[in-house]
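Structures for review follow.
Shared between the two complexes below is chain A, which pairs with chain B and chain C, respectively.
Moving on, here comes the complex of A and B:
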């Protein structure tokens, strides 16, 4: 009898916990860490390994958080890899004329414009975001090719030592700056999502745009905000990456749009909109990068990574949908 | 030895044809199309387009077209090839990136009477089995890896760099047969040294490539040679090894970086002591010579009886000044802009 009572009390609590859209990602990362610990304890739990994984997971997390915002609004952004690339190339290429600070501002303006143009096409033009941002993916990549003529110029030594470059690409206490920037963005965006009306409006827009509109939510503005923030975050990720390692190429950002979507979805975002988590997106990025590291460490051919991401993605979608339904969400 | 003599003979033939070209009547109009895998995102494209310009200036009755894509895929390349064939050109130059994918369209072109010259990447099957093109003009991807590997071993024997204990061939395209052949050549060169060898797909995206390579080097600390099969990824390899404290400069300790192509970034890497060696595969000639052979095929009915190897030529600290001057002449001001070190 006592056991029954415990169960009846515990079940609603777990069900309540499952309402959080990042719970699936947390369960996933715990399972992953347990598996890596059992398989490769001495290789995984080292400062070098975790530093490597956290560094690149932070870059991907910046992209994934932006992607999460767009997915929550029931849209998708396939152009983030190209926006990341174009912003990064702008940062490197404009440095000679504008200086480090000016080049950073120029890169962020380029990213903002990319997001704004696409947002207008989706919201005002009524075009599907998948098509618009697919066009953006090709168009922005094409601009990189035409602009650079095939190779991105070097970043001079004095620019590498500039305080702004070091602030975005250096280290603090032996930890890469990218990690701190990612944490800062996570904190600010979480605050925006959970402590301002924008968060509720974003979830409402993604959940049921018509219903949200009848309650006075300007869904067009909300979606535009999501697209622009997504592009700005992609631009930030490009700057953070190149401030650390400015040796780059016109392939900068290729396929990162898919990894960012994978991270956001693994992190609990549902493509049907209205449900998602920034913390989940960060954890999703951590899972994606961790899998790449561990597969290589275990000696698997590196091209298997794509296969594993695909498998993890499908499992995550199934699990997150089941979790959402079980918690009482209509998905 | 056989390959070397072929190269020498080919060079002499090519030179004599270039000299003799002006003496031949230029009444017929021709249109030759180069359907390339090298897009404008690859600096090497300039070698080819400049050589086509030079060819056109010497043969005003010939029009050359250079077609490529930046978003490379074999499917896209085949589509471009089929489009080019449908325009009935007087000749096609194409790299055989995939024998399976290219065999059908190219056999169809040959049956339609369109002569084909393979450049840059050959059909690696025996002559009787391969796609019936006139000839192949280009480097030998396998020899590129092998000669660079042999050069590294000679340098190790001379005490200039450490002997290999582990070699990783870092490739950005897991499906590219030419890159795979480069890795295979390096692997064969290292055979018998006892060094572990791995072909690692790092992707073409810089951050992903760095993460992948860093993961590999951490998990395989015996690795002390990194062979990047694209020159633009050599600074990434050097940067990762440097960040990990693996002493990647060219000296008798730590990691040694080897790359390919006589591109500004590779040459700058050698100049600053970060890259041991690279190679030239005679890119300029790979644009010019296929056009020559297509032209002479039409004008005189010539059909070369062997492949024409334009490389590899090893470039290292000993001949870097010569190559830097040569490549600067091609790239002009862009040379320094493409130095991403």
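Moving on, here comes the complex of A and C:
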């Protein structure tokens, strides 16, 4: 009798709150900001640092939201850094021939194709996404090297001043434009995930693909949708990055796949699929980028950053697993 | 009881899992308005057979006709669209989703805002709440609860309620009374009979031989991937039925020959 009632009636409110994904990330960000404030008096709370953090966190957040969708579908995408790089390089390189608008479209087409090819290999070829997208990571990076011969041009002055360039790069009301684009994408994707049939089927596919399939869900198409959206978001992130700083080189986006996975996982996406949060992924991106700038502010060599991301990632996985179990999820 | 042309006709169906021959040249007809009991030992191939009928597995060989038309593409979505609703044995609910979301999974009701389909949460919640109450789930289970939190019987109840709610032409029940209390079992069995009387084809898999002997019009027995018996229920006594399942078809057929 009592056992029945504990479930909905007596489950403590705080536990119920913790059932929502992304709560861990919020706890993490509070802890981080408190720590930064305590250990650092000069570097962190400055306009310059905050505006950089906002800009780069927004870009990483675009990637992390795509990664979150893929992880929610119980797959992984290791290629996003290379897709980001290839789209960005396409955007810069095609501008001379196609103009800014044409180059943007070309970059998005390239990103879409990258996502589609990999998605087909995963769902139709039945291959593990870890392997397919690891292949993508190398292959797309290789294309950048071959195509550009090792060096990438920048934008000429008139392309820098083009309204599209300024709309995606630059600032709006004194805040980095990337931030507004990221918020827009967050709002749209959150609606898609939680309030549309596609979102319901994505959550179902990640949670239990076999059961979802017995209800008539085309789990292969759902997963393809997640991969393609992830690649397109990586492409968008590349465009936004280069619209702000229209020059780059062939290493653009290296290691971003790891940062995006870290952000999504810190944000509460469980690699077991079916659970995650886009708000969490955005907060996760904010945490990852903040660490980079905090380390810079502390004067630590920049190579420490990767180590830190690794440590934060492991802490986040352990913490989020514990949180999920504590809240009563079977993970 | 049955019209002359079968609603589902299975002919010489073979199915392999890798090298394992799970269904061996199975032929069987199912008619609208018929209650067919499908019985046999663990691992006999009952679930595998109905999983072909509801589109999960495509046969390696052989044909399936639905309503006179040859089925060429096998996918649960197509079977559901044709009116085949299934209560699966071990799967069918996603733990990470609420009852309401599971209820409508794959056929979500939408409200269009600016042409974009948004989930109609009110409808999902109201209708699934009504159904789970009809099927006897207590008030402390809400349609917003994740399935993960439910007991085995509560899950089974959600699956049955959902299948009955969306019933159409065929209802396949794979050990539907598992996890259920005596009272709930009776309720489900009564429902199955009612649906048959409404003209549905009901295919009912169970290990409860005496129960199915009472309920079914026809009984199909499987063993090692083969159909070994297909008989009107009243043409065979319960004892004979148990003997066939225990000893396999051939021994009993020998007995008949004496």
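Methods note: the second predicted complex is superposed on the first by the 317 of 331 C-alpha atoms of A that agree within 3 Å, B and C clash if a C-alpha of one lies under 4 Å from a C-alpha of the other, contacts with A are read in each partner's own complex, and residues count from 1 in each chain.
Convention: contacts are C-beta pairs under 8 Å (C-beta built on N, C-alpha and C of every residue); 3 or more make two chains touch, one makes a residue touch a chain.
Everything numeric here is computed off the predicted structure, so don't read it as measured data.
*Asks:* A:207 in the overlay: touching chain B, chain C, both, or neither? Say first, second, both or neither.
*Replies:* Only chain C is touched by A:207; chain B is not.
*Asks:* Go through the superposed model and pick first if A:307 touches only chain B, second if only chain C, both, or neither.
*Replies:* It touches nothing on chain B or chain C.
*Asks:* With the two structures laid over each other on chain A, which partner does A:37 touch: chain B (first), chain C (second), both, or neither?
*Replies:* It touches nothing on chain B or chain C.
*Asks:* State whether A:250 touches chain B only (first), chain C only (second), both chains, or neither.
*Replies:* In the superposed model, A:250 contacts chain B only, not chain C.
*Asks:* Touching A:217 in the superposition: chain B (first), chain C (second), both, neither?
*Replies:* second
*Asks:* Once the structures are superposed on A, label A:241 by its partner contacts, choosing first (chain B), second (chain C), both or neither.
*Replies:* A:241: touches chain B, not chain C.
*Asks:* Using the touch definition from the top, say if A:196 reaches chain B (first), chain C (second), both or neither.
*Replies:* Second partner only.
*Asks:* In their complex, what parts of chain A are in touch with chain B?
*Replies:* Within the complex, chain A touches chain B at residues 43, 46, 48-49, 52, 55-56, 59, 81, 138, 141-142, 144-146, 148-155, 241, 245-256, 259, 289, 292-293, 296-299, 301-303.
*Asks:* In their complex, what parts of chain B are in touch with chain A?
*Replies:* Listed in rising order, the residues of chain B that touch chain A are 39-43, 45-46, 70-71, 172, 174, 200-208, 210-212, 214-216, 218-219, 232-233, 235-236, 239, 244, 264-265, 334, 336-341.
*Asks:* Using the touch rule from the top, collect the residues of chain C that touch chain A in their complex.
*Replies:* Residues 54, 56, 75-77, 79-81, 86, 88, 91-97, 101-102, 104-108, 110, 116-119, 121, 138, 140-142, 145-146, 148-149.
*Asks:* Can you name the residues of chain A that touch chain C in the complex?
*Replies:* The touching residues are 4-5, 7-9, 19, 191, 195-197, 199-201, 203-204, 206-208, 210-218, 274-275, 328-330.
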